[in-house]
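You will see two complexes here that share chain A, one where it goes with chain B and one where it goes with chain C.
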Partner chain A sequence: MKTMIPVRNDREKRRMLLATFSILPIFLYHFGFIIMPSIRTMYSSLTNWNGLGTRDFIGMDNYLELMQDPNFITAFGNNLKWMALFLTIPICIGIILGFALSGVTRGRLLFRAIYFLPYVISAAIAGKIFASFFNPYFGINVVLKAMGMDFLSRDWLSPGNALFSVAFVDMWHWWGFLLVLLLSALQQIDPMLYESATLEGAGEVQKLWHITLPCIKQTIIFIILITMVWSISTFEYVWVMTRGSPGSELLSTMLYKNAYMKYRAGYAGSIAVVQMFVSFLIFAGFGMLRKRLED
Partner chain B sequence: MTLRRRLSSLTLIACLATVAALQILPLAAAFSNSFRTDKEIKKLPIGLPTRLNLDNYVKAWKIGGYSQAFANSVVVSVSTTAAIVACSLIAGFFLARVTSKFTHSMIIYFGVALSIPVFSFLVPVYYAFAELKLVNTLIGLILIFVATNLPFNILLARTYILGIPKELDEAATIDGCSTYQVLWSIICPISKPIITTIALIVFVSTWNEFTIANTFLQSPELKTAATRFVLFVGERGSDLSMVHTAAMVTILPIIVVFLLLQNYFIEGMTAGSIK
Partner chain C sequence: MKKFILVGACLLLMSGLGFAAGTNDDGKAQVFEVSVNTTKDEQNKLYETVFQRFVDEYNKKYNTGYSLRFVSGQGMDIINTRMSSKDKPDIFTIDSPADANQFAKDGLLLDMTDYAVKNKWKESVFDWAYSLAQVNGRVVALPYGYEGMVLWYNKDIMKELGLNPADITNLEAYENAMKKAADAGYIPVMLGSQDWPWAQEWYLSILYSYTGRNLVKNTIEGKPGFTWNSAPFRKTVELYKSWHDRGYLADKRSYVLTSDDAINAFVGGKALFKLEGTWAPYWMMPLDAAERDKIGVMLHPAINSTERPHLPLAVGGMWCVSATTAHKDLAAYILTGLLGQDIQADFLNNGMDVAPIKVEKSSFNGLIPTVQVMWNMVNGALADGSFGYTTWAFYPPETRVYLYEGIVNVLENKLGIDQYLTQMDVLNKKELAQGFIPVIPASK
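Moving on, here comes the complex of A and B:
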């Protein structure tokens, strides 16, 4: 027995070493491409870097400018509106249809596939298809007129409507994903729980409150978390459909314009840092919340 | 009672079917429009075609430069997919099987890395690539795609391999297999479903990706199908029959792949997200 232990430890040690050497290159690759540049972004936000050439350290100047930039205030407000929309509409649709679908056996997979389908369509293509339908002269306005619902037609991508129109398209692509997450959580609930609750005389509402909700709570918290974090840095649909025109400017579109069109990489960096900071706050908030719930 | 139940379940099915119809309507309309003329579409943007021929497709394929765009997309997506499958199996295997301080911190690292927004690193990478002459090259794009796709798929592979009984590894080790032989001859064959899932997720997401591809590839002949499509709409957006046909050309391969393998895709997305 005594001689066995060192041999085992030796083998364990070799395995650990092999694991370290196998994962290390992958880690370093990711670190080099993602983390190092992120640190560089933080540094460049303190400079007047234009992307190429030299950069001078200018301290907090970019941030001070940002605080007074009306464009930034509008963009940040639009991101918050976006977050409010995504925290309500797609999550509600996902929950309602998740419940409905979990009660169906025949055709469930077909419905799930159709609801989920927009999620696998590129934002570049979906955005452009919808943009053509939002054309005020050739788009759905024509259909509305033909149906005698002229009062509904408007200029969908005009400053007053653009944010909501784009959010609508992004939600069209997004809620199916939430549904799939919720559906899988609902299906993992042990049917025995419901049966024994019925035997004990629990009503439908009680079952929903005491069995269903606690069982899908983790999933809902996860969905709220990713929704909040992604709302701060959402980009593709807005860029494809409006390029962040007045009315639909977001932090990311403003950042993109500064980085690649106005050659103000340092200023763009300060916007990226704001995004990272807000994401960090959201994560920290959820971490604290979870701790409190567990205690 | 049974009649009432049947009626309510019929109502439920009808509601679900209505939502499904609305959800699919924009894509179905675009598909239908790919057989119509620009004039017809402008008169009524949602309608059935009057004749079925592939004229629009032939034209869109040619003027959209799709032979080239598809070749670029295939090169980028296949290379990224191959690299990610290999890396995530290796890393996922060791993260599932070896418990040490290092593997523990790596699990946390890749978990945190999942949520890094794209713009926190994109601008410095772009300008660094510009100096290295990697902007406007497919290899540059592949290098970034590999980095961005690593964390999710490593964790996905790890979760799956955790579910494979350890006894199988141990039996193979006693038979004299080295650790990498165990990975290759025991874990890989059992992990076929997750390999399919990872390959599918990476292939589809790189095929669809817009932000990074559009930033790093500027010349038309290097663009991937999705970004080439956006360029095409910019140039020929006034011809709606071309817009909708080109859209269909770009997404049909993905739709076919998805419909054939949707279970792998959806199960993978849920498993990888919730864990």
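Moving on, here comes the complex of A and C:
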């Protein structure tokens, strides 16, 4: 039996070459700046590297220490709380407001720009501004008192409240981005579906539940995915506002302190690997979920 | 067209990489990099002028063609990363002798002993500071600043409460002053650690040093029989916690107040005392004369009968030279030049760190009176050896971070004092075992 060898003409070959050549810079960039450092970090996590000099191989010692480190358990718990907050509040607000805004035809762009604005403000600036708002002497508390709602005032950045206060600021910055993603998805929905539903006598909630949500399912899954992954690696707002003080310590702030303040880059590497591993699990889980949904 | 774009993009990428690699136009490695951690424009401008002057002088004297690359804002995170790479600056700043210890352990610092001897650094630099510049008897750094912790007080509030700062020298008088201030609606001691967790460390630096200087020295050095979890340190932490519980320390809000909030609240007349470093004239300089005159400076009162009030001392940071520099002579020329009286007088008058050298007294004349008082305290403490030990200058790094992070959990009742001190002991011993070499000058 003769084997059929696919014959490629010159044009196809050129196309293949061009495709490979186009991907090459991104691949090289990814290889040099993501894959290689990741491999290096994995190796560092198995050493006692202080971030400066030589690395002595110590096996799984860093991981064993990590599993018993109360700071790690607290930080990981805080990341999970952070994730729970971000999976609910900004996504719900984004969906509801997106649904409401999708019906607005006049000034939609203006609304979109206004809601998106916080996203373009740098974390350092927004964090500093909100830290001032949380000041006990002239911030939100003073406003609350003036409004006769003194019972609501508290020390917003104290260890008991810091995590939620900082998460609030990050959400303020984050949900506008989600809204833009959701609005783009909502605009892809065929208006005929809503018209038919209206003719059938469906209410707004029924339209949201039976038309909107199923149609933007893929976008919502993507949003949940990035929210979960970013919740594991979030850093800027916490660092700017509390420096990861007790009560708001996250894996990333713990990592930074170990790498740059305690001269324990190997140990910091093990935290980074845990973050990578959790992110990988999330990606894998979502990959399977998406496949299931597509099937 | 596509080809041109592609070639253009490649050229752009290559020029970017070339720029990042730090080569100069003609490819010669005659660029000398000085990298500093300062971020304020005025300070950077002065530094750059001074370094440029030295490089020009050197070029003229030795007929060389060096050009200066001055890089500012290089904090410890950036320096650590750069020193573990091939892109090392020639001269750079680090924060403390504890950092020098780490860098020297890995052979990253140039041994400058021969240069130090040749240029007689020992004759200019204070003995204690010179000892901090050494690891295993070799000179590996040059301290660029010296500082101590003091208490600022509001003169008006002090008067209103019928208190005399000269009488507040012991625990009883200090607690009485704090109670009076709290009863009158003032915050006894202002402290802001929300953006600056090190503020907790400032106070602990004072209190541990006041517990007993020899005790601290021996404990850090891991001498037999000395542990952090001993009765004197336990008593000190209990005292600190009791002040916190009574609302004496920033009204229990230090970790919701930024350093700006703390200084504004103090200057605004909300607090009797404010813990400060002698490095802080830059806070005073922008104030008008009337506001400045309200601020008095004193040593923290004693907290027990064994240790008298003293000044916990630190070097503000250190100049280091990379072990791999190809321009050792120029580096030594610059560091020696920095010890010049005219240079230090310029730094002093600009509110910058001053090297631990015998600066001529006339250089202090133009300073604000309160700043002069602070400098008198520092220089007086040095002259009679009555200095103590700040955490950032003398403690091993991991122990140091735990010291100020763990205390918040103690104050919040999430961690027992025994557990806190035991963990400090564990970390201190671990770091000694890992090669940390304490360099702690003896005090009197």
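Here is the rule we go by: the second predicted complex is superposed on the first by the 259 of 295 C-alpha atoms of A that agree within 3 Å, B and C clash if a C-alpha of one lies under 4 Å from a C-alpha of the other, contacts with A are read in each partner's own complex, and residues count from 1 in each chain.
Following the convention adopted for this analysis, a residue touches a chain if its C-beta (ideal position, glycine included) is under 8 Å from a C-beta of that chain, and two chains touch if they have at least 3 such contacts.
Everything numeric here is computed off the predicted structure, so don't read it as measured data.
Upon superposition of the two complexes on chain A, a steric clash is found between chain B and chain C. Look at A:Y263: by the touch rule set out above, it reaches chain C but stays clear of chain B. When the shared chain is aligned, chain B comes close enough to touch A:Q275, but chain C does not.
Look at A:I140: by the touch rule set out above, it reaches chain B but stays clear of chain C.
By the touch criterion stated above, A:T54 is placed in contact with chain C alone, chain B being left untouched. Taking chain B and chain C in turn and counting the residues of chain A each one touches, the greater count comes from B.
Looking at the shared chain after the overlay, A:P159 reaches chain C, while chain B stays out of its contact range. Look at A:S245: by the touch rule set out above, it reaches chain C but stays clear of chain B. Of the two partner chains placed by the overlay, neither chain B nor chain C lies in contact with A:T212. Of the two partner chains placed by the overlay, neither chain B nor chain C lies in contact with A:N62.
In the superposition on chain A, A:A100 makes contact with chain B only, while chain C stays out of contact range. Counting contacts by the rule stated earlier, residues 51-52, 137, 256, 259-260 of chain A appear in both its interface with chain B and its interface with chain C.
Listed in rising order, the residues of chain B touching chain A in the complex are 9, 12-13, 15-17, 19-20, 23-24, 26-27, 29-30, 41-46, 87, 90-91, 94-95, 97-98, 100, 102-103, 106, 109-110, 113, 115-128, 130, 143-144, 146-148, 150-151, 154, 179, 204, 207-211, 214-215, 226-227, 229-230, 233, 237, 240, 243-244, 247, 250-251, 254-255, 258-259, 262-263, 265-266, 269-270, 273-274. Of all residues in chain A, only 15-16, 18-20, 22-23, 26-27, 29-30, 32-35, 37-38, 40-41, 44, 51-52, 97, 100-101, 103-104, 107, 109, 111-118, 120-126, 128-130, 132-133, 137-140, 142-143, 146, 172, 176-177, 180-181, 184-185, 218-219, 222, 226, 229, 232-233, 235-236, 239-240, 252, 255-256, 259-260, 265, 268-269, 271-273, 275-276, 279, 283 touch chain B in the complex they form. Chain contact summary for the complex, chain C toward chain A: residues 76-77, 80-81, 83-84, 102-103, 105-108, 193-197, 253, 255-258, 261, 265, 270, 397-398, 401, 405, 408-409, 412, 414, 434.
Chain contact summary for the complex, chain A toward chain C: residues 48, 50-54, 131, 134-137, 155-160, 241-243, 245-247, 256-257, 259-264.
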